[in-house]
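So, here's a batch of structures to check.
One chain, chain A, appears in both complexes that follow, with chain B as partner in the first and chain C in the second.
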Partner chain A sequence: MNKLFPLFFLLISFADFDVKQSQFIARQGQVSFFSYTSVENIEAKNNQVLSLLDIDKKEIAISMLMRAFVFKKDLMYEHFNESYIESDMYPKANFIGKIIDFDASNKETQTRIVRGKLTIHGITKEIEIKTAIENTKGNYSISGDFDISIKDFQIKVPPILSSNIAKTISIKFTFQYQPYEE
Partner chain B sequence: MKNKKITFLSILVLLLLMSGYFYNIPLFSSSEKNLQNELAELAVSSNDLINAYSINEEKSDRLYAGKIIEVTGFIKEISFLNNRNTIILNSNTETFGVICDVNPNQEEKIKLLKKHQKIRVKGICKGFLKDVILLNCSIDLIPNE
Partner chain C sequence: MKNKKIYQLLTIAFMVFSSSINAQDLLDKLNEEFPDKPVYEIATFKTTRIGLGHSIETRKKGALEISLYNRYWNIPNFEGQRFLADVVSTRYGLDYSFSDNFTFGLGYTNHDKITDGFVKYKLLKQRADSRKAYVSIALLQTFSHRKFETTDGGIYEPVTTSSNNYAFTSQVLVARKINSELSLQITPTFIHRKANPLNDDANNQFAVGFGGRHKIGGHASIVSEYFYVANPLESVETYNAFMVGVNWELSHLLLQFQVTNARNFVEDTFITQTTNNFNAKDGNFHFGFNATFVLHTKKKKIK
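Up next, the complex of A and B:
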């Protein structure tokens, strides 16, 4: 009996590996935004966006550093962080949401609505985003795009620059997830 | 008298040119700077950096964020996701690390790197999510002691 015990233990520890992975992480998610006006096009990319996906709870959480957005020009970066987003006070943007009707076992690309709360510039708004969810060999990737209005997040643009910055900003995102071990 | 006027005018023009230069440079320069020849303000090991951030994020942000820092650590992962060259440095806590987004001019060096190698990177610290994020990194290879 005593000899059987280690064997039993071994079996259990192997069984542990078989437990279905329910949490996934993306450390290098990509989020970009665009502001198109007749005067100037502004584009910025953040390649270090963190996201967690829980396929059991059908929940998704996203967090990013506003200072990690890379612009074409230094001045855009300065204006964005100092005047518009005020990154010293609000260094992060967050999103927490639920994927509606998400089927984790579906091997095909599924288009789903994610409903949740987006926080930018210290202001939280309820939004719905249409996303494409792909399942490749048990790893997930999520992508999509949506528009936000800068007024909703109380981002003030001085009158002189109002023709340079669009009223609605389009945002694009892609996340590639890996199994997450705690 | 005439001579004075000329010198005054030439100084004025020179001043205008200089101010134009300094005001316009940020308009055209890219935010992807080359830091290879710049001096780092602080030097830390990846372990110390992550410890500091996991204990008190706000305080560490004030100390590190927005500054050029030098971080020494072991490579956990090298990835080329989204056409970015990224190195993730290890820490003694399993879940946290340092994500280094490497400047494209370091491409030759990144090819020489291997997992678990000890390196030093220099980059601008942007803050902390689950990992500390460094952008515009340049790589310093240190021989394994």
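Up next, the complex of A and C:
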């Protein structure tokens, strides 16, 4: 009996891995941002955003490469990466947060607040984002939008160009999750 | 008995290990999921010219560059009272990018009456994530045309003959972005010119250009360039071209301010035919002001 006891544990721990799917991944998450001013509208989209969703811990993590944003004009892409977001120093933007009152088994669309830390341009800020969470046949999708102030993330705009770039940038996101296999 | 203990210990170790995997930060896990895609350096130089000569940069497909390069200088002991400077030379230029790597350009300089054109091809892009591509390489071929008019014969029967003078410049532009602030470029240059029967200047000349930029802010950088000529002209005394300046970008408008001893804009002329040295004397001091407007004729669709 004494010999079998650890073996039993071992089996359980393996079984635990296989049966319960608690983590979901989105590999082609979409994040877009908009800057509307009277001079110029700037729009960019990133279709390669990664996100992990842990439905047990009700946690969500998002990570993206700033260089993967696509702009209408190539010069915008260069200025965004070189002069504003400084993607050679800060290549990624991250978010890690908790979904408050998340019910993983709810089959209807639920609107929940995600509270967490957003890191852009090397600066981390606490934010709360309202999201819509859908559960279709065990696969989750999360979408929403929020605004950030470029001042909060120390993105410097020279005074001569301040009319070209909005003070607040609106951000939209959509993630489609699949079961995550390690 | 001993075996059993090891067995139990291993089991515990395994359980600790597996639980530590579960507790691993979600973000760390995510960072391992990024696909391995090559990351190329962007904006080694932000402009397609460092100042006098070309940089390795090419614009992306569909970009049209409309450029106005101005050079101002004084004539020594000049009696007149002209506005701003005694002489202003302007090159009007149009560059169009047919693909991300291939650009074609045309220009006309009003003071020298030189028409020039170039093709530029980006051969190699420096990688930011690996040492495989250590530098960026671009190839440049320019051609220039200058019309000479000479009047021969007596006063009563003047005969005006005109001769066309063509020159060709080939350059291999090699540049490396050392860090986010500093970029350096070295440019081996070959210049071919049609033989001039009046002097014994070489038809083929070799030169090396050295250029660099240092960023002083998100939108401005200090640039400098120097061209060393291996076999200079013998009929006239020439000096190597030097330039120091500031490049400044304002959204679609790129401005370049420079002080230099080069008077001309076309490669074969300023590299080999700069007849004054770099100093502040009247006639030697040249102020350059280049304005380039980038028009995106093809806009990317955001899906």
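Here is the rule we use: the second predicted complex is superposed on the first by the 164 of 182 C-alpha atoms of A that agree within 3 Å, B and C clash if a C-alpha of one lies under 4 Å from a C-alpha of the other, contacts with A are read in each partner's own complex, and residues count from 1 in each chain.
Operating definition for what follows: a residue touches a chain if its C-beta (ideal position, glycine included) is under 8 Å from a C-beta of that chain, and two chains touch if they have at least 3 such contacts.
What you are looking at is a predicted structure, and each value in this text was computed from that prediction instead of being measured.
> Once chain A from each complex is brought into register, does chain C clash with chain B or fit beside it?
With chain A aligned, chain B runs into chain C, so clash.
> When both complexes are superposed, which of chain B and chain C contacts more residues belonging to chain A?
C
> Output check: A:Ile100 vs chain B and chain C. Expected answer is one of first, second, both, neither. What do you get?
In the superposition, A:Ile100 touches no partner, neither chain B nor chain C.
> Identify the partner contact of A:Ile123: answer first if only chain B is touched, second if only chain C is, both if each is, neither if none is.
So A:Ile123 meets neither chain B nor chain C here.
> Just to be sure I read the superposition right, which of the two partners does A:Gln28 touch: chain B = first, chain C = second, or both, or neither?
It touches chain B, and chain C stays clear.
> In the superposed arrangement, which partner chain does A:Ser63 touch: chain B (first), chain C (second), both, or neither?
both
> Please work out whether A:Asp74 is in contact with chain B alone, chain C alone, both, or neither, and reply first, second, both or neither.
Once the two structures are laid over each other on A, A:Asp74 reaches both partners.
> With the two structures laid over each other on chain A, which partner does A:Gln176 touch: chain B (first), chain C (second), both, or neither?
It touches chain B, and chain C stays clear.
> Given the superposition on chain A, at which of 60-68, 186-194, 240-248 or 258-266 does chain C overlap chain B?
Stretch clashing with the third chain: 60-68.
> If you lay the two complexes on top of each other, which residues of chain A touch chain B in one and chain C in the other?
In chain A, positions 25, 27, 47-48, 50, 63, 65, 67, 70-75, 77-78, 92, 182 sit in both the chain B and chain C interfaces.
> In the complex formed with chain A, which residues of chain B make contact?
26-32, 61, 65-66, 79, 81-82, 84, 86, 88, 94-95, 99, 101, 126-127, 129-131, 133, 135
> For chain A, which residues are in contact with chain C within the complex?
2-3, 6-7, 9-10, 13, 17, 25, 27, 32, 40, 43-45, 47-48, 50-52, 54, 59-63, 65, 67, 70-75, 77-79, 81-84, 86, 88-89, 92, 94, 96, 156, 158, 160-161, 164, 182
> With touch defined as at the start, can you tell me which chain C residues reach chain A in the complex?
Touching chain A: residues 4, 7-8, 11, 14-15, 18, 21, 25-27, 29-31, 33-35, 39, 42-43, 46, 59-60, 63, 128, 180, 217-219, 249-252, 294, 296, 299-303 of chain C.
> Provide the residue numbers of chain A that touch chain B in the complex, in ascending order.
On the chain A side, the touching residues are 25, 27-28, 30, 47-48, 50, 63-65, 67-68, 70-78, 91-92, 174, 176, 181-182.
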